């Protein structure tokens, strides 16, 4: 675990607080009384075998699913009944499992879109400048993700790995206090993976942003995250640093037995 | 817009100015209806091409615009006030109609507008005290602007052209504003747009309402053009016709609906020799176009263009492979 | 009261035919996300196949009906799916909407140009008599319509929930990915759906044409009513479409008597808008996911 995050975590207030969340589908408890906090500056990994309830939990946090009981708060505000766009305004950025960029728009347009709804009002967005005054900031972010040379290319013409970077960059554009990454490593080749991880860590370090990552790729999670939660059968069965998780017999059991 | 496109647009406008010179009344009339339907189709393009919603009531909105303008101008209100009133009315009806439909499921707007289209027709036909019933309204005056009388056909054409160019400019501004970007995002990936803070319900509703208002404006121009309006001119069939203009031209492209409107308006003139078979041939052509190229004519053009360009478009892939 | 009963009964009879069209419409939507704007024309056309069979090929009525049914299955089922819908499926709903609208016009105009623009008398399967039913006069045609439609619906329901193929079709409609994993031949199931829709349209056509006569322009009102019935009942289920169809039939008939004749056609439309406002999932529908 790196020192700066330890400090941030110690000092950081809870950005995301999940309290006693349960969700059942037709009698099967997908998520069973789960509680945890995510502190400012953390990179929290959420892992678990297939069907362990990760996605359900994720969807409850994002307000896509209504939990049977319990509560999710982001920066102290409940997410209950919030639509995705309202949640985004609350400071939650996210990526999806499947790649989600706007293929017919340029890289720059993609990024500007990701920030424009946080600028001004409906009125200024209609009559104000067409880039909502974001070109410079967007360009910086694009450069940060090393896509500068592709700024004016259509997002759809980028390689898969580049689109994946763009996808992540979009989630950061509005300066969210919490970013949820749903399987960021899925379908990404090895070199690209290193690049993505390196950029995420750098972003976390420079801007102090907080991530929650769902991921199957163990190496990726272990080297990216500062703290890991392991879900199995809808419950948290282990929590700790990557090193602790790696040597936890229960986790090994859950993966091998599950 | 780059300079080459700017030149093309200026040439286009020059051609539009020159087009009616030396032509008979009928040709000028056809040109006027092309411009008017282009405005209606541009409005629908916003709903359909940018916000991804099917509206089957664009002709009904034209009807509401036409009747409002006709009634107001016949009551002595100048067109310059009557037309905006018609647009505002259509905008508000669009909001009222769209709000419940868009609240639920995305294909519901098609059905609500379908029903609305038929309802509008019934009201126009049945409320004789207001609309003149199936006889319609006769004797709609063409407006005068500070001594410029639009009564002569050629003058009316230039009046229509001026409105058309103004609308096109504003529309261009709209689709290149952050709103336009949000509209495009809705079309390409509404779920992702929503997660980036775009209030998709509100933006879709606005796109539909603005599109409807443009339908109203087209009606406000159509009424003084023909000087006589009756309900069948705004029936469902005509809504479908406007929908065809957008789709055939290429929905989501700025010039698509203008091209589509030209084709749909002019086609009957070309297919006149086929007499009764006109609609049949027409429908068959649309069917084939949709099967062969669902993105419309402009999409078809782009397909060819990119084939000529070959692989240069994806040259960045080499770079991508390195990543 | 007698008049009311009479109106309701004949409304149910026409409504049951609307229900057939609405059910087909719903099935197509479920199986392939196809919104068939030509559904009304699908109901208009088979009656003309019968007329061609009888008057051009000289067949007796029953043979002509079988001929028409087979022709419908081929044209409105197989050809429609293979050559119209299938190529467009990857491109989303819009091209399908446009293409089916165009197809509807094509069918309508073809009948108008190549058969007749006039309404054609169409033979009924039963002698036209009226029976007394608690004081209400009910025509034999109405009874036939109600009975045949209900039999068709019951048979369809039995097929879908009682046979292996039917259950596979339902699985395909609900979740094609899962169905495929379970070894269901999805493509075939979708084809079956199109065939069933074609058959339903043909039966609806045979039943409704003796009442309204066979005319090229019949499709538009029937199609509209089928949409409305499907939505009112709950867009995604058979029972819903059935109830929706019956309800629209009755409401339409009542409106003709108790509302002005001029606004009769407006009543189902208003019903549609009210349903979308207050109960968007339809009368029998379960609340589906919102459009985000």
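Going in written order, the chains are labelled A, B and C, and every chain counts its residues from 1.
Simple rule for what comes next: a contact is a pair of C-beta atoms (placed from the backbone, for glycine too) under 8 Å apart; a residue touches a chain by one contact, two chains touch by 3 or more.
What you are looking at is a predicted structure, and each value in this text was computed from that prediction instead of being measured.
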item	value
Steps needed, at fewest, to go from chain A to chain C via touching chains	2
Longest centre-to-centre distance from chain C, chain (CA-based)	A
Chain centre separation (chain A, chain C; CA means) in Å	48
Mean-CA-position distance for chain B and chain A (Å)	41
Approximate Å spacing (C-alpha centroids) for the pair chain B, chain C	32
Contacts with two or more other chains, residues of chain B listed in rising order	191, 194, 200-201
Chain C residues counted as touching two or more neighbouring chains	292
Sites on chain A at which at least two other chains make contact	83-84
Interfacial residue positions of chain A with respect to chain B in the complex	83-85, 88-89, 94, 96, 100-105, 109, 112-114, 116-119, 125-128, 130-132, 149-150, 153, 157-162, 165, 170, 173-174, 191-192, 195
List of chain B residues in touch with chain A within their complex	174, 176-182, 184-185, 188-189, 191-201, 313-314, 316-317, 319-321, 323
Sites on chain C touched by chain B in the complex	35, 83-84, 87-88, 91-99, 101-103, 105-106, 109-110, 112-113, 220, 224, 227-228, 231, 235, 260, 262-263, 265-266, 269-270, 272-273, 276-277, 280-281, 288, 290-292
Contact set on chain B toward chain C in their complex	48, 52, 54, 100-108, 110-112, 114-116, 118-119, 122, 125-126, 190-191, 194, 200-201, 236, 240, 243-244, 247, 251, 276-277, 279-280, 282-284, 286-287, 290-291, 294-295
